[in-house]
Amino acid sequence: MLKELSPKAEQLRQELLKFMDDYVYPAEQTVKEYKETASDRWTIPPIIEELKQKAKAQGLWNLFLDHPEYGAGLSNYEYSHLCEIMGRSLIAPEIFNCNAPDTGNMEVFVKYGTDEQKKQWLEPLLNGDIRSCFSMTEPDVASSDATNIQSSIVRDGDEYVINARKWWTTGAMDPRCSIAIVMGKTDPDAEKHKQQSMILVPFDTPGVKIVRPLTVFGYDDAPQGHAEVHYENVRVPASNMLLGEGRGFEIAQGRLGPGRIHHCMRAIGAAERALELLCRRAESRVAFGSTLAEKDVIKEIIAESRIEIEQARLLTLNAAHKIDEHGAKAARKEIAMIKIAAPRVSINVIDRAMQVFGGAGLTEDFPLAEHYANARTLRLVDGPDQVHLRDVGRMELREQLKANELRQ
Amino acid sequence: MLKELSPKAEQLRQELLKFMDDYVYPAEQTVKEYKETASDRWTIPPIIEELKQKAKAQGLWNLFLDHPEYGAGLSNYEYSHLCEIMGRSLIAPEIFNCNAPDTGNMEVFVKYGTDEQKKQWLEPLLNGDIRSCFSMTEPDVASSDATNIQSSIVRDGDEYVINARKWWTTGAMDPRCSIAIVMGKTDPDAEKHKQQSMILVPFDTPGVKIVRPLTVFGYDDAPQGHAEVHYENVRVPASNMLLGEGRGFEIAQGRLGPGRIHHCMRAIGAAERALELLCRRAESRVAFGSTLAEKDVIKEIIAESRIEIEQARLLTLNAAHKIDEHGAKAARKEIAMIKIAAPRVSINVIDRAMQVFGGAGLTEDFPLAEHYANARTLRLVDGPDQVHLRDVGRMELREQLKANELRQ
Amino acid sequence: MLKELSPKAEQLRQELLKFMDDYVYPAEQTVKEYKETASDRWTIPPIIEELKQKAKAQGLWNLFLDHPEYGAGLSNYEYSHLCEIMGRSLIAPEIFNCNAPDTGNMEVFVKYGTDEQKKQWLEPLLNGDIRSCFSMTEPDVASSDATNIQSSIVRDGDEYVINARKWWTTGAMDPRCSIAIVMGKTDPDAEKHKQQSMILVPFDTPGVKIVRPLTVFGYDDAPQGHAEVHYENVRVPASNMLLGEGRGFEIAQGRLGPGRIHHCMRAIGAAERALELLCRRAESRVAFGSTLAEKDVIKEIIAESRIEIEQARLLTLNAAHKIDEHGAKAARKEIAMIKIAAPRVSINVIDRAMQVFGGAGLTEDFPLAEHYANARTLRLVDGPDQVHLRDVGRMELREQLKANELRQ
Amino acid sequence: MLKELSPKAEQLRQELLKFMDDYVYPAEQTVKEYKETASDRWTIPPIIEELKQKAKAQGLWNLFLDHPEYGAGLSNYEYSHLCEIMGRSLIAPEIFNCNAPDTGNMEVFVKYGTDEQKKQWLEPLLNGDIRSCFSMTEPDVASSDATNIQSSIVRDGDEYVINARKWWTTGAMDPRCSIAIVMGKTDPDAEKHKQQSMILVPFDTPGVKIVRPLTVFGYDDAPQGHAEVHYENVRVPASNMLLGEGRGFEIAQGRLGPGRIHHCMRAIGAAERALELLCRRAESRVAFGSTLAEKDVIKEIIAESRIEIEQARLLTLNAAHKIDEHGAKAARKEIAMIKIAAPRVSINVIDRAMQVFGGAGLTEDFPLAEHYANARTLRLVDGPDQVHLRDVGRMELREQLKANELRQ
């Protein structure tokens, strides 16, 4: 490895690998059966809460949080290795209290929350007692350009009044979801990047309406789900404003760096899982006189996957390391690059695995199709590839110009 | 157009286009709502039966069948143009009684059925009164190599006894499904391509067990569905054997040519629908100062899609025409080529459209993700790409060798 | 075939195939040796002139020209089939007097030339006695945007004075090159698309300076070559102006349609040649225990190539047919599409062949690398892919919008 | 950076960058002009020898060699960073005495040479006084499978008699080339991987015949060139056998690891150069109303290039580091992966740059097309991609199987 893991991180990695083998993979089937037979899909499979307790007891808990007190105090580089492992199973992140959007929300509370907010929301989140959501995207505008966001947050005495039509509010269907961070305009006349703010909305506040769960391909991703949520004349105390009016973009930026690392490393974990399944399947199935594994066309598929995965992992680890060394702002190009590269690789590898599995790969008998849907979504989350490509291109041009000047 | 449509086909095309605009697209939402609210998803939305009657009344019925008496008597080339239009909506094929696997099954009855079988099964199928399914693929073996199929069909006096574990039996969940064509081994000791037979199994025969519906990327494709079906000591009269023992591959081959044309033209129709939706969306959404349609990166996406669609359509029409002129056997290479090319194009175009739609494209608010799942499935149906690529490569090598000899 | 060839075209096709086998392929080696040993590469290999006479004698001459008197009177669709065959060998087009840029120039003379110009330039060109060139692209500006072209053509009494720095003037190195068509600005203040004109410059006019031959991937393409040509105060009679001042774009447009069909069909011919060579090589070479042809990875390469070629050919034939039926203007989208698609396919197939040939494929022992260089150039000739993609995207959006309106 | 460079390596890197700017890039034009005007292309441009002296004087010499006495004693990881920089110019590697195949040959002498051989050949090579070549590939067999190699090396008393038809003997055209390492069969009856040996052949030995220079695309790569060389009854002392009879594969393996790192890092350097040129060109050219750099489609091209380069570099550095830590044998998969990935990336990036340059990119006015030809060659050197893909697939399957067993 170009950069060794610390002994602490390496030990956590070993424990995590073992926990995955011992508990998480076997629980996938249990969760699947629960969802198929539960009278209400939007309830929590008991095995999840059991495993959460077990993970917490073993110290495999809140590993994402670099804060030494609230979390495990790992660097982004270190946590990336653990995050990848969690990404191998769709049920894993929650078991270790490392699931989006709670991770990002907890980071926001750590960075920007008042003591009271921390006590009220951060602590139960860190404990895994409640869950949270993040309401940013809107159905009515191209939210890839965040300046398009139309929701209004209007000061009225000691309160803010929120009116917003949001969707893709992941986790909002979860019965444990207690708090939302909502983005909207406090000042439509301000300078473009000062119009938006973020505010806390307790999920039981009158006016919060869960309109419907959205599906991704045919998945509802119960029991967390992705909801369309309308906020109709929702009133919250003025103290619920995060950081201050007009600072929504600032918070969004701070939230994005590590969050994208997490998304990407999980996507790479999903790719690793798919490649492992592909190889095992290829060993076990016979067609036209030999196992699939003996066929050169399958070996090529495997090789291409391994090459893509290694490159995407190195790129992501490099970005994580740059955040550790120089901060998320200095690593903007690196972060944008992985946001483009990692989901693509994950999609490619899972797609190849589906092809080797035949029809079986499309079903829920194997986690491939669901991982695929998840990875495909990542090409849109936090902005479509096109937006990031343009940003990377712009930054590269600027750097080349500067380098060129320096040499003359 | 390189080859003009006959006036009859052109008129049907115009009528079909109008019927789609007038009835089918608007019904998509109705069907969606029916499925979301029905107490049992495995029931038929009334709108479907209504539109079937309307289509039948207008003569937009059984257009797939080239038989002049049973069907519309169109050539494969002609029907391809109509089939593409039906492919634009996932609910359309059934409305015109042109949905798989019924189309292939009806062709089998026309070609290989006895008069009695035609009376009992073909007529109600042609009428749209019942539906049928086709049980070939097995979960336990790589069915891409059809010689792997393990199900047993054993003669016992005047009956055959069938024991089979099948899956991907599309349409088996449909409450109207009345008859299955089942493939299995009658003689494990025969020459490799003479071991398999096809036999008719009325779906209410004792021992037919629907184990479960399968999902494709989370979609259950209700109410037709794709079922795992077990046939346990199922007994049918010996006269249910199609064409004769050991002739399963022969029937499979005869069934495949037109069926693949249909699959491919529907996939192209889905791509056209996606491109249309993409363009409309691009005109209507604004990001970073202009509509998406004004951006060159979006124009490139549109152009690539148009170029791919045109090529895939021409390739498929060319294959259809070759079947018309020289028969399915002579067109084997052409058919294998479209089986590879058309689903890919459909996947590419729909994927681009999803990217332009953002999150909305992943939901059921638009038909994109479901069309995607459908097109992705096509890369596996009737064998994965890899099998067809090898076949095309082999045929090409043979032809090159022969051409080379002729020139010397 | 979706559209049969006329008996006349079919017969020409058969004769052309035979001529290629009998004379052209064997002459490739002769030409190669001539070039390697000639004291001056910029002279004509005698075998070329011999074969020209032979081809002319057999009526395989000027087949590109649809004019019934000057040429063979074939439709674009018909000629496309012949053009593809000529494209299989880099020395072939000239042998049949069907090489660019002479073909386009002859078309310009037929369409826009005065009787006198026809007598002076068209007739010897049709006879293959002289050759011509076309000076449009300039090194100093992005000529993909033809409005950038800076050369000046200034009226001075009965003459025009031309000052121009041109390059990529194909054929200008040829000792037989006698006439150039030069594009430049007659009126920098006119409306954007009326500034440019085309004018005839006899190549022995004082002030015409051949600066140097350019290379394409190391090839000088002798003896035609691609020259940088400077026109320094070159004076020609006012009657040399083609069609009239400010009509340069009009001529360029008229010239482009058939010319792009030719380029694309030749590119497809090159791909066919490469695939043939690939297959033969794969049959004859053994590695790791079997011939390359027996390996599935090679069969996949062959299949992908065949699929791509068929599609590109159909797309190009379809465009040719549309020009025949509706004129080049109505076929603008179709022409732009093949301009993008056909060179790509040619590049892909030749590249795969090179990979199968190993090092041999990079040398001049086989025509692969030179065909590759040629096909790669096509992605830039008449504008880079990016320009055509944008155009196709724009036309598609317009058509979708219109279709949508019609349906409402 | 995931792993920092040592201060020594970092300082060399800075000096190398400066040397490139000060001397190497400016010399490219001088070398080009020398070749265009020299009466004999197969002679050394004086500027090369001048810069060699300058580089040697500055200690920028033999940096590739990890041997602390003969070379700079840098690790593979460290040298990779320097090698990439040299790869930016095709004339650079020789200037720093780091050009293939001399580097590999020098490594062979260091590892396997006798003291006498070192004195006679290694020392003048290290001094840059002579050059060497490596004769392995044969025109008559698929040399991708090295067991195919047919040349014979027969013991006859105190001598070996060599009969071999070799080609792609890079450097053999160089007037300074003095020594060849030749691979051939000493024992056709031995076990497959013990049949081949490597032997030293002084280039002035009777029977060594340079048949012709080969071209790559249209480049002759003078004055080094790639020659077809025949060895006809060439007699050398028995002591010229390297390491011992039957150990040819062993030497080949030992030679390959670092050599591939070098090839790949140079390819990445070429990609960086191309991207730099692309960006500068895009800033300076205007089309359709804005600079190319302002267009989003160009920004995408730039971003894709940056993403690909970063990934390929990290993959290669990772492989270099693994060789440093665990030896070339343990790093076989890593080395095979970069052999596939790095040339592809280089090809992609250079190809995009050519597209942005338009016709200019194909000429020798810019180094793009020649770098392209070079990178394309790399997909064949040391075996085509297909061979390495199969190897990576096979190793991956083996590791997955093992990992799976360990977990159970």
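Each chain carries a letter (A, B, C and D) given by its place in the written order, and its residues are counted from 1.
Keep this in mind: a residue touches a chain if its C-beta (ideal position, glycine included) is under 8 Å from a C-beta of that chain, and two chains touch if they have at least 3 such contacts.
Because the structure is a prediction, the values reported are computed rather than measured.
Between A-D and B-D, more C-beta contact pairs join the chains of A-D. When you average the Cα atoms of each chain and compare centres, the chain farthest from subunit B turns out to be D.
Measuring from the averaged C-alpha position of subunit A to that of subunit D gives a distance of 42 Å.
Between subunit C and subunit D the centroid-to-centroid distance comes to 37 Å (mean Cα coordinates, whole Å). Centroid to centroid, with C-alpha atoms defining each point, subunit B and subunit D lie 52 Å apart. Counting partners per residue, subunit A has 296-297, 300, 386, 389-390 as the residues that reach two or more other chains. Those residues of subunit D that touch subunit C in the shared complex are 137, 139, 141-145, 148, 167-168, 214-220, 285-288, 292, 297, 354-355, 358-364, 369-370, 372-373, 376-377, 379-380, 384-386, 389-390. Contact residues on subunit C toward subunit B in their complex (touch as defined above): 1-3, 21, 275-276, 279-280, 282-283, 293, 296, 298-304, 306-307, 310-312, 314-315, 317-318, 321, 333, 337, 340-341, 386, 388-394, 396-397, 400-401, 403-404, 407. Subunit B meets subunit D in the complex at residues 295-297, 300.
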